[in-house]
Amino acid sequence: METLFFLIVAAIAVICSLMVVTNKNPINSALSLIMTFFCLATLYVMLEAPFMAAIQVIVYAGAIMVLIVFVIMLLNIKSEAGRRTSHALFMGISVGLLLLVQTWYLLVKSSLSSVRGTVDSAMISKVGHTELIGKSLFTDFLLPFEITSILLLVAIVGAVVLSKKKL
Amino acid sequence: MNEVILSLMTFLPLLGVFILLFIPSNNHGLLRGFTLLVTVLTFLVSIPLVTGFVTNADYQFLLNIPWIKAGPFKMNYNVGIDGISLWLVMLTTFIMPIAILSTWKAVDQRVKGYMACLLLLEVGMLGAFVSLDLFLFYIFWEVMLIPMYFIIGIWGGKNRIYAAVKFFIYTMVGSLLMLVAIIALYFKGMSAGVTDFSILNFFGLNLDPVTQTWMFLAFALAFAIKVPMFPLHTWLPDAHTEAPTAGSVILAAVLLKMGTYGYVRFAMPLFPNALERFTPLIATLAVVGIIYASLVAMVQEDVKKLVAYSSVAHLGFVMIGLFSLNQMGVQGGMLQMLNHGVSTGALFLIVGFIYERRHTRLITDFGGLSKQMPIFATIFMIVTFSSIGLPGTNGFVGEFLVLLGGFESKLRWYTVVASSGVILSAVYMLWMFQRVMFGKLDNPKNQNLKDLDAREIAIMLPLIFMIFFMGLYPKPFIDKMAPAIDKVIQQSRIRPAVAATIPVQPSMQMAPQSVKPAGNPAVPEGHPAVPAGKPAGHP
Amino acid sequence: MLDNVWLIPLFPLIGFLINGLFGKKIKNEAVIGGIGTLMIFLSFLVSCGILMQLVGMPPEQRVFEKVMFPWIHAGSFKADMAFLVDPLSAVMLMVVTGVGSLIHLYSIGYMHGEEGFYRFFAYLNLFCMSMLLLVLGANMLVMFIGWEGVGLCSYLLIGYYFEKKSAGDAAKKAFVMNRVGDFGFLLGLFVLFWWFGSNHNIWTINFVEIKAASHLLPYGGVVTLATLCFFVGATGKSAQIPLFTWLPDAMEGPTPVSALIHAATMVTAGVYMIARMSFVFIKAPETMMVVAVVGALTAIFAATIGTAQNDIKRVLAYSTVSQLGFMFLAMGVGAFGAGIFHLMTHAFFKACLFLGSGSVIHAMHHALHKGHLHDDAQDMRNMGGLRKALPITFITFLVSTIAIAGIPGFSGFFSKDEILWQAFANPYHGSLNILLWGIGCIAACFTAFYMFRLVFMTFFGECRINPKVKEYLHESPLVITIPLMVLGFLAFVGGFIGMPKLLGMLPNYFEHWLDPVFELANEYGKQYAHSGAHHSHALEFGLMAFSVVVALIGISIAYTMYMANKSLPEKFTSAFPGLYKVVYNKWYVDEIYDFLFVNPCKSFGNLLWKGFDVVIVDGVVNGTAKLVMAFSAGLKGLQSGYVHNYAMGMAIGVVTIIAVYVFR
Amino acid sequence: MVSLNFYLVLSAILFAIGTIGVLTRRNAIVIFMCVELMLNAVNLTFIAFSKYLGNLDGQIFVFFVMTVAAAEAAVGLALMIAYFKNRESIDVEDMNLMKW
């Protein structure tokens, strides 16, 4: 049952992502991408990571994709002027597929052999996923977390400067 | 106090660079004055080195503090001088104020950067001479390279970029090989119990001949480029011609000495077997270099190029002296290094003087300057004759001892051929002098030339004093060097097999007693060795 | 007094420093000249004192060494700044300082009004100092300072009129040729030092020590090598074949310089050096033969050239070369005393001749200058009949000419005859001695001929100078004529101190005086050539008479050609045009040297520079650089600037890396 | 429970599709979106591993990835706007100034 559900969601995700790549109109691509993100959020829930699912929807599907759609509209880009040469197309697709084959092969061959951690479903349901993440962020990963804020600040400054009228 | 003098001296110019950064870059007078002050201070700081130097073979003014420790590598900040480096250090600190003073007017673009480069160069040169740690030496060796590159590349003549890149790449090729050899040497040393990069550790090392050969070749190549030896010399004329006066002066006076110093300090004592094997080759190159450079110098049209080629010839003499491996020859080689620093430095200054006035260095543009510039003519003549090696001037003492030492050693026939360079040097220097100074003053552009002014005379006076002092009373120089040279010679001879069991010489402090055994078992027959047990002439 | 020997070179040094540094400010010629002359005169006084003291000592103790300060001590090599006084150096001291003082005095008059007056005196003093160092040096190295020092001063003084190209060329030529000789000197020093050191552990270059150890030297072999090297040095300094060509050119210098340096003192340094090391040279019979042959050949060779020159100073220059050849001949046959004796008398009469010619040139120049003419003041074809205008010059000149020609009673006769006799009687060179003697006699004949040709052309006959300026010719001032008179007097009587025993009037003071110096050498000589053939007095008398006859023949030929029958020279030249041309052009030696050495050196240097340096070495260097550049120019194409291509590259890279990782 | 491999295979497929998109499209914004797709594919892997290994560190990492993605979006899009203002195009084939 669960596997079936997974397969359906996965199929939607793959189809949508294919549409991202193949659609001529960037807006369509963007919308397909949002769909993919939603599918991924669903999968996160299945993986007992509700907090991650939430921010996936909020940050990705919400903030970033809105930004992208805005930009597409702002620039008023119509469909792509032309495709790449068939040569490049062929190369790109074959390299991508090669990559897929390789990762697949790796997956088939390798096996998981790491120590299991302490977090399990029971703990998540008892303590709560958000709280666990929060604790971790504010204890073990405090410094990276703080640095993230600087990163974002820099990004904001950068974005503002770059989009000024006169560059 | 004694421990810090060397470090103080070495890093004083660096401090100067930092202060220089805060001087407004349009205040040229202050920039020049301050740089001059720094170099003079450095010179003053270095004077206690001579007065406090105890004449023996030990390293003195030692300072050894741990610096980098990474895995098996342990580098120390290990500095000290012995008789060999003492005078080279003094030469450096002595030449620097003169070089600064020489560019008082010549450089008026980006003065700040220029002065900073000169000071950095001084740090590099002094550091290389005082380092007793191979790794530290290598660092200073490279530090020297960069400011010189900029000095040629930014403040040089028309073809400066080519010259600067040529200089840089030539030197870099050699020094990278040297770095490889240093590391390889360290690994070899580790298996014999060496724990850090101090060169004292490596002197006693008994390497197998094959290893020695390769390492010697790497070191020798690096130094041969710097010397420069035929046929690796072609960067020198270009670098000299394009460099500004101070650059040429320092290049000739000090930088070239790095090569020969490297041979005495590293290549020769570290790899005695390889030295023995390659002596004929290097002596051949040196002799060919002497004759070759003299012949080429003879037909040069550019005064500076001529002097540059004469440097090649002079350094060839130094190499003959060093490789003759007896007290006279090495002594002569060392003296010749100092002499060359003084006289060729002075020659470059002289070329600089006329270049500043006429903006040309072509011999054909001159002629008859003696009439217009009598003081200049006198000084030029003194320096010329010092370069030729007239007795009574410094050039003679070194050249004579080199030839004498060479003749008394296995290099007898090489020396005979090299001696003819003495004739050739007279030919090309006098011919140049005649064409520049003698004859009719027929070029109208030369007719209003001004004679040297007070600053220029002040630059030349110390050099001229040194020319005569070293020519007439070289005893203090020779005496202070002699024990250290004895030691180097001892180290550079193939060691008797017994020594193979002792991998590391225990301590340098014991050296004076241990390096003078009652006989020289390793000396080949018929080789007129230094008389056993007595370093003659040193009571 | 002996202890103060260092004063001798010091005085001229002081003079040099004063005149050199402050001469330009002093300006006053009398002061400058006075200082210069006074300084060398003081040296002369000290030298006299030393001579007196030496005379007062027993002959075998007449050696004194004074160490001033240690100079070069390196390893086993040891050279002090030290002076050696012995009878030989005392003689030389007297000659150098005595003749030197006179020439300084003369120069005050001769150089009057010259632009670089102070410079001239400074150089002259420096020269005297160097020469005195050469003479006094107690070891080869101090001698070598002087040896090169005089070369330097000769360079400076020949190039005194540096605005003339020929002067600059001549100066350079002189220095370089001297330098070739110095090269030989150094090699000789090396060989000797090495031989003594490695074979007997005697590491020395000190003359006294070498003399003490000279019994260890073998006959021939390594000694021949060393002495030959030294002899190369001597040929350079003393203008012998093959290095003689610089001396005639050196006449570009002012005349007092020619008198002092290129006649009286410097050029005799080679002779002095051989005498100084007589105990080494005598042990190398082959070298002795070479010395004798070279000396004889130079004597005749230079004499032939002298017959065809028209420049008054050049004739004297070739005469100097020729006379130096006589001295070397003496050295080569082991007659060291005779050689030094000739050196001394030659210094007197040749200095007098040069100064006399200077006086003539001075007068000529003065006259031509007044008449605004640009005729050559040194060309004898412009002279003639000057004896009336320049009486004092004429008389002194004539005395010296008679002396050099070898007329009995004058100094040159005693010394030259002694040399010829020794050449004949020496036991060293087997049957070669007759040949040496013969060449010497012919050279003497030539000498008499060209010297009298000079006198006749200059002082006799009708005056060929432009009549316009004839009235301006007059005798030189006293400051010029006094040295002439003194030297003329010496040229006359100087020979009596070395009168041969044969004539018996006076004991041969000179030879006795030098005996302690050459005793050892003579002894070695006897050891080598046991069969000291005894010659009868009659033979000696006969040869002496013969040499007088030879001189007279030379004089009479000159008289016939230049006084009695003036068309003869022209007839002669037109009869043998080729021969005349060759002789006039100095046997084309200069051209041969240019062809053999100078030009090949230059073109070889050019070839090395433009061929090897620029094309091959730099070609390899730049070629490497170009190779790298070409390679990177190819690689550059990969950087298309399209993001796609970079992305593709990245992707392919990732795939490759994974592939390597997976399928390794 | 869905096996881990399912997630990984899905992630691989998405990543490959993203790669193909990056390599074949010309529109800079679409390329940008494809990059986001690749990032998400990786995120999925992280979370899947996190779950199967019982360790939250992977999810923390995803958190950071998202932050970086956000920053990247802000700056990247600003760049595109600036570029578009200058060149009237965001076709990557027009961006070829970074030659040599």
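Letters A, B, C and D mark the chains in the order given here, with residues in each chain numbered from 1 onward.
Everything below uses one rule, namely that contacts are C-beta pairs under 8 Å (C-beta built on N, C-alpha and C of every residue); 3 or more make two chains touch, one makes a residue touch a chain.
None of these values were measured; they are calculated from a predicted model.
**Q** Per-chain Cα mean versus the mean over all protein Cα atoms: which chain has them closest together?
**A** Per-chain C-alpha centroids compared to the overall one single out B.
**Q** Centroid of subunit A to centroid of subunit B, CA atoms only: how many Å?
**A** 65
**Q** Taking the mean of the C-alpha atoms as each chain's centre, how many Å separate subunit B from subunit C?
**A** A distance of 38 Å separates the two centres.
**Q** Would you mind pulling out the distance in Å between where the CA atoms of subunit C average out and where those of subunit D do?
**A** Distance between chain centres: 94 Å.
**Q** Starting from the mean Cα coordinates of subunit B and subunit D, work out the distance between those two points in Å.
**A** 60
**Q** Counting only residues that touch at least two other chains, what does the list for subunit C look like?
**A** In subunit C, residues 644, 648, 651 touch at least two other chains, as defined above.
**Q** By the touch rule stated above, which residues of subunit B touch at least two different other chains?
**A** Counting only residues that touch two or more other chains, subunit B contributes none.
**Q** Quick check on subunit D: which residues sit in contact with 2+ other chains?
**A** Where subunit D meets two or more other chains at a single residue, that happens at 19, 22-23, 93.
**Q** Kindly provide every pair of chains that touch.
**A** A-C, A-D, B-C, C-D
**Q** Taking the touch rule as given, give the residues of subunit D at its contact with subunit A in the complex, in rising order.
**A** Contacts found on subunit D: 1-2, 4-10, 12-27, 29-30, 32-34, 36-37, 40, 43-44, 47-48, 50-57, 59-60, 62-64, 66-75, 77-82, 84-86, 90-91, 93.
**Q** How about subunit A: which of its residues touch subunit D in the complex?
**A** Residues 2-3, 6-7, 10, 13-14, 17-18, 20-21, 26, 29-30, 33, 36-37, 40, 43-44, 46-49, 51-52, 55-56, 59-60, 63-64, 67-68, 71-72, 74-75, 77, 80-84, 88-89, 91-93, 95-97, 99-100, 103-104, 107, 112, 114-120, 132-133, 136-137, 141, 144, 148, 151-152, 154-156, 158-160, 162-163, 167.
**Q** What does subunit A use to touch subunit C in their complex?
**A** Listed in rising order, the residues are 84, 88, 91-92, 95-96, 98-99, 102-103, 105-106, 109.
**Q** Report the residues of subunit C in contact with subunit A in the complex, numbered from low to high.
**A** For this pair, the touching residues of subunit C are 644, 648, 651-652, 654-655, 658-659, 662.
**Q** Subunit D touches which residues of subunit C in the complex?
**A** 636, 639-644, 647-648, 651
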